[in-house]
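Several structures are given next for inspection.
First chain A sits with chain B, and in the next complex the same chain sits with chain C.
Coming up: the complex of A and B.
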């Protein structure tokens, strides 16, 4: 029996930390140059990595809740992604400090003279916003910490009782997840344009999160495979399944995105259409078209054939493609509120994404490399390793 | 109508059937089939069956259907009977989406179902194998293999030996 532990633990750890610290330090210069741009870029980068962590939480919850067998070999990776919530909670501080620049509804003088905003004030006010965000992180951290801890317990003590415990946490956990990700989407992203509202917005963010985690699992798994780690454990069959999920949630994301657009287009009410108008003005229409084609149509067609999902090189390319598209999607949700005339990339978009990503990956790697790379005592591990799609 | 002859053999259990199928496949037989009361995991590989072309057929039909859906709506709402609805242009492709999608899904579902039946040569109310009394067990607890006499590898003596060698019992010829 293998012990599934890494022999070389320095593959990602230090380089990621260096990138993270350097990225954030460089961005600090940007903060003094253009604080508004800094906070917007920060929000894009921050939400991008947070959605990945949320995807990891969902993947783990779903795994336990459905009693899935195929994904057992991937569980430890998704668990290590989701235990990053405490770090992300700390990294939220700059967003909280930049609220005045980011969120229009924090300006009391504006709210007083605005009928709609003053009606929304009982919900959209700084205190309640901070309380809600704290609650999201409390729930996410607690859920992921409990599940991760139990999972590590299983490594030393293969008690069948654990499976029940996993499920007991996951069932209410899934409900809490659904509510919190919806409201986090409302609070962090939708309230950037406080007059506008869309009830499906949370589901849209959820769809993006799942694309993030499935593409991340493919990219990361194949990176390990290149170094001959877990190459016989995570097989082409698992990648095929991840590819199926990537395909399925590409459709899901497209379906939700279209549903949101379609109802607003049909009703044609100015306070709703304005959101799309901003994203269709000037060069923003290019980004919108890139998203329609690159986030939906291209992956939808290219991921359809079975052979493409089983071709690991191609799947890796598609996963990277979708991972980047997810970033562009978040960018498209946030930045039109800052640059209304047309899109304008800032160097801080890059440095902050790398900065937060570096810290995220450092923490992820630290958690992953400290333990066995798969849940060694899970009763379905054998089944998962030998799983085939036929 | 030309009558095909079959040679059938019974097997103890699904595992035996699977192993026997692999050996018959390796012996070069193409026209043989396995019969069991329930699907057996891994049987497609054991029998050396190719993947069904149904997916590609449905995919092709789906492309045609979605195009037809768009053309239909374009023609009805901007050529044949143009009406202004909610102040929107005659060619409002956004509104075509759901209908074109629904036409595509419905057509694809029908092609999947009827294509599957056609590729399986179903419905078929009578088959020569039903002549065997033993064959009825297949709906209950029987695990059988039938080899067609049309198979180029077929030879009464050799095929019987092979079936017995891989664990077949009650070998009989039908027709």
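Coming up: the complex of A and C.
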């Protein structure tokens, strides 16, 4: 009997930690040079990795709720992604410290003279913002911690009762997830431009986080495969299914993004169109077009053929592509508030993404490598391993 | 390891109960369409056809008199007709979701309900299309809705969502019809082979397109089915998204909100499943199909209603929050007006039926009790009609200028036409139940345990007689 444990536990852990610490340390220099840029770059990097963790939470919840069998072999990976919320909560502190630079509505003198912002003040104020964010993290951490703990319990105690328990947590968990990701999207990203509003914004953030987790699972799984880990457990059939979801959620993301753009374009109300105008100003139009083509059209066409989804090299390329596109998407949501004339990449965009990502991956790896890489006592594990697409 | 883990797998109850064989499936389903017409059927179609003819009469009256006989006023230029249109289009979505999306998601339980859910889609879309058709006023000019070349070079406005509706719903109907018909072919062939009279054999032979059930035919058939499922999947999203743009592209408070497309789609699936459930509960009772449409099937549909009902609740809350958050006084007013204004009764009917009622499906007892779910499904149907009423009427009746405000109430013609459309729907549905196998026999056979190629090598416990019949019949394995 295979125990699915790693023999070499140092594949990612230490290098990731080094990259993380080095990235953050380097960025600290940037903080003294240009604090405003630092906070904006930080927010991009931070939201990028947080959406991945949220995707991991969603993947796990969905797996339990639907009773899916094919994805059982991937469960432990998504579980290890989602238990990063405590770390992410700590990493939120710089965002909280940079609120004055990031969020216009924190300037009390501006708010007093702005009728609309004063009307929003009961919601958009520093205290409530922090309370809400703390609540999101409490909910996410608790949910993911409970599910992860149960999952580890299952490794030593294969009781069929656990399946019910997973569901009992996941069902209300899904509702909480929907509400919290929406308001986190409103708070962290939409309120960067406090006059602007869009009811679909939460769904848009959700769409992005789906792409983050599905592409991550492909990239990470194939990385393990290269090292001959789990190569007979996560088979081409699973990658094919992941590819299908990547394709489907590319369309979903495009659909949501298009709905938002299209309705705002059509109604042509200045207070709404301004958001897109910023993203069409100067060189921003290039980024916007990259997102339209690269985030939607290219993967839409290339992921459609069955053969492409079963070609692991190609699928890996597409997953990396979408993972990068997701970062560009977050960049495109955040940075136009800082550089209004056109986009300007900063070296801190890179160091902070690597810095937070390094810590994130370190933590992820620690959690993953400490236990079996798959849920060994999941009743549907065998079905999942032998699953085929026919 | 393998034995141990297999024991742990929850023993899933079979999808189809009552120890069915290929032969018994064919016998049970085909005989419904073959037996002598039951008296009750005549009674039922007598009632529904009378209502349908009343509907046709009202349409004639409308064409003669003009839409002044409706309760429309200024500013409420869209009333029940548009409400009914959106209501019926929405109903259709469950059929497409069951046949296309659940197919792609490998949800085998769909085989028991897809046939009549798809039929429901077609009939609902027919009912839907009538309302905007007669709303144009000068119905003899209705062809202007299509971009027909003419010597005056007059074209419809391609930027108008109303034109997109024509395309979206037209495509939807066409593809749904093709999908439904493709699925019907093997079943019609089975019925052809059982036909006792010559006419019956010829008619069914014609419609089954010479189906013989050969290996190659099945391969082509399954590929066609997969492709049609793939083509129908975007339609589940696109049709109601386009319908939502009828409202959301405007600048009317309460209509112009970016969440409308996915929110409408979720609501459509929600209402569609309520209708499928209603029809399934009635049909399984009357025709004794409890083995095919089991409690498990109904429970799964109830779970989908719980999920989509919660999505609808999410959208309501999101709209309400952003209306306040926007700081836009018109938006804020519209939503407060919905909840506390003259249409508050409609708003709270909507919220109770669509958000609160489906939450009861959290309880397994409720999900598996047929009478309770029947009542709940009806309430959801009511709630979803009211949702469209709230959207259409409350936003229009109180817009930017208080001097323009007016209260809208329907006339007897409005009410009559809405009821009349149910007459049309049920007439079509009764004809379907009478002449066409209402459950996809070939697909149900494919999910029976006997469909497993290894079934007869191992623990086959069926009596040989039944097997021989199944093989003779060329039932799908």
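One rule holds in what follows: the second predicted complex is superposed on the first by the 390 of 390 C-alpha atoms of A that agree within 3 Å, B and C clash if a C-alpha of one lies under 4 Å from a C-alpha of the other, contacts with A are read in each partner's own complex, and residues count from 1 in each chain.
Basically, a contact is a pair of C-beta atoms (placed from the backbone, for glycine too) under 8 Å apart; a residue touches a chain by one contact, two chains touch by 3 or more.
This is a predicted model, so every value here is computed, not measured.
Chain B and chain C, once both complexes are superposed via chain A, clash.
With both complexes placed on chain A, chain A has more residues touched by C than by the other of chain B and chain C.
Judged by the touch definition given at the top, the superposed model places A:314 against neither chain B nor chain C.
Of the two partner chains, neither chain B nor chain C is touched by A:387.
Shared-chain residue A:266: touches chain B and chain C both.
Of the two partner chains placed by the overlay, neither chain B nor chain C lies in contact with A:278.
When the shared chain is aligned, no partner comes close enough to touch A:300: not chain B, not chain C. Of the two partner chains placed by the overlay, neither chain B nor chain C lies in contact with A:145. The intersection of chain A residues touching chain B with those touching chain C, taken from the two complexes, comprises 262, 266. By the touch criterion given at the top, residues 42, 44-45, 51, 55, 59, 86-88, 94-95, 97-98 of chain B touch chain A in their complex. Chain A contributes residues 258, 261-262, 265-266, 268, 304, 306, 388, 390 to its touches with chain B in the complex. The residues of chain C lying in touch with chain A in their complex are 1-2, 4-6, 8-10, 234, 237, 241, 245, 248-251, 256-262, 310, 314-315, 318-319, 322, 325-328, 362.
Partner chain C is touched in their complex by these residues of chain A: 1, 115-117, 119-120, 123, 158, 160, 163, 171, 175, 178-179, 182, 186, 195, 197-203, 251, 255-256, 259-260, 262-264, 266-267, 269, 271, 377, 379-383.
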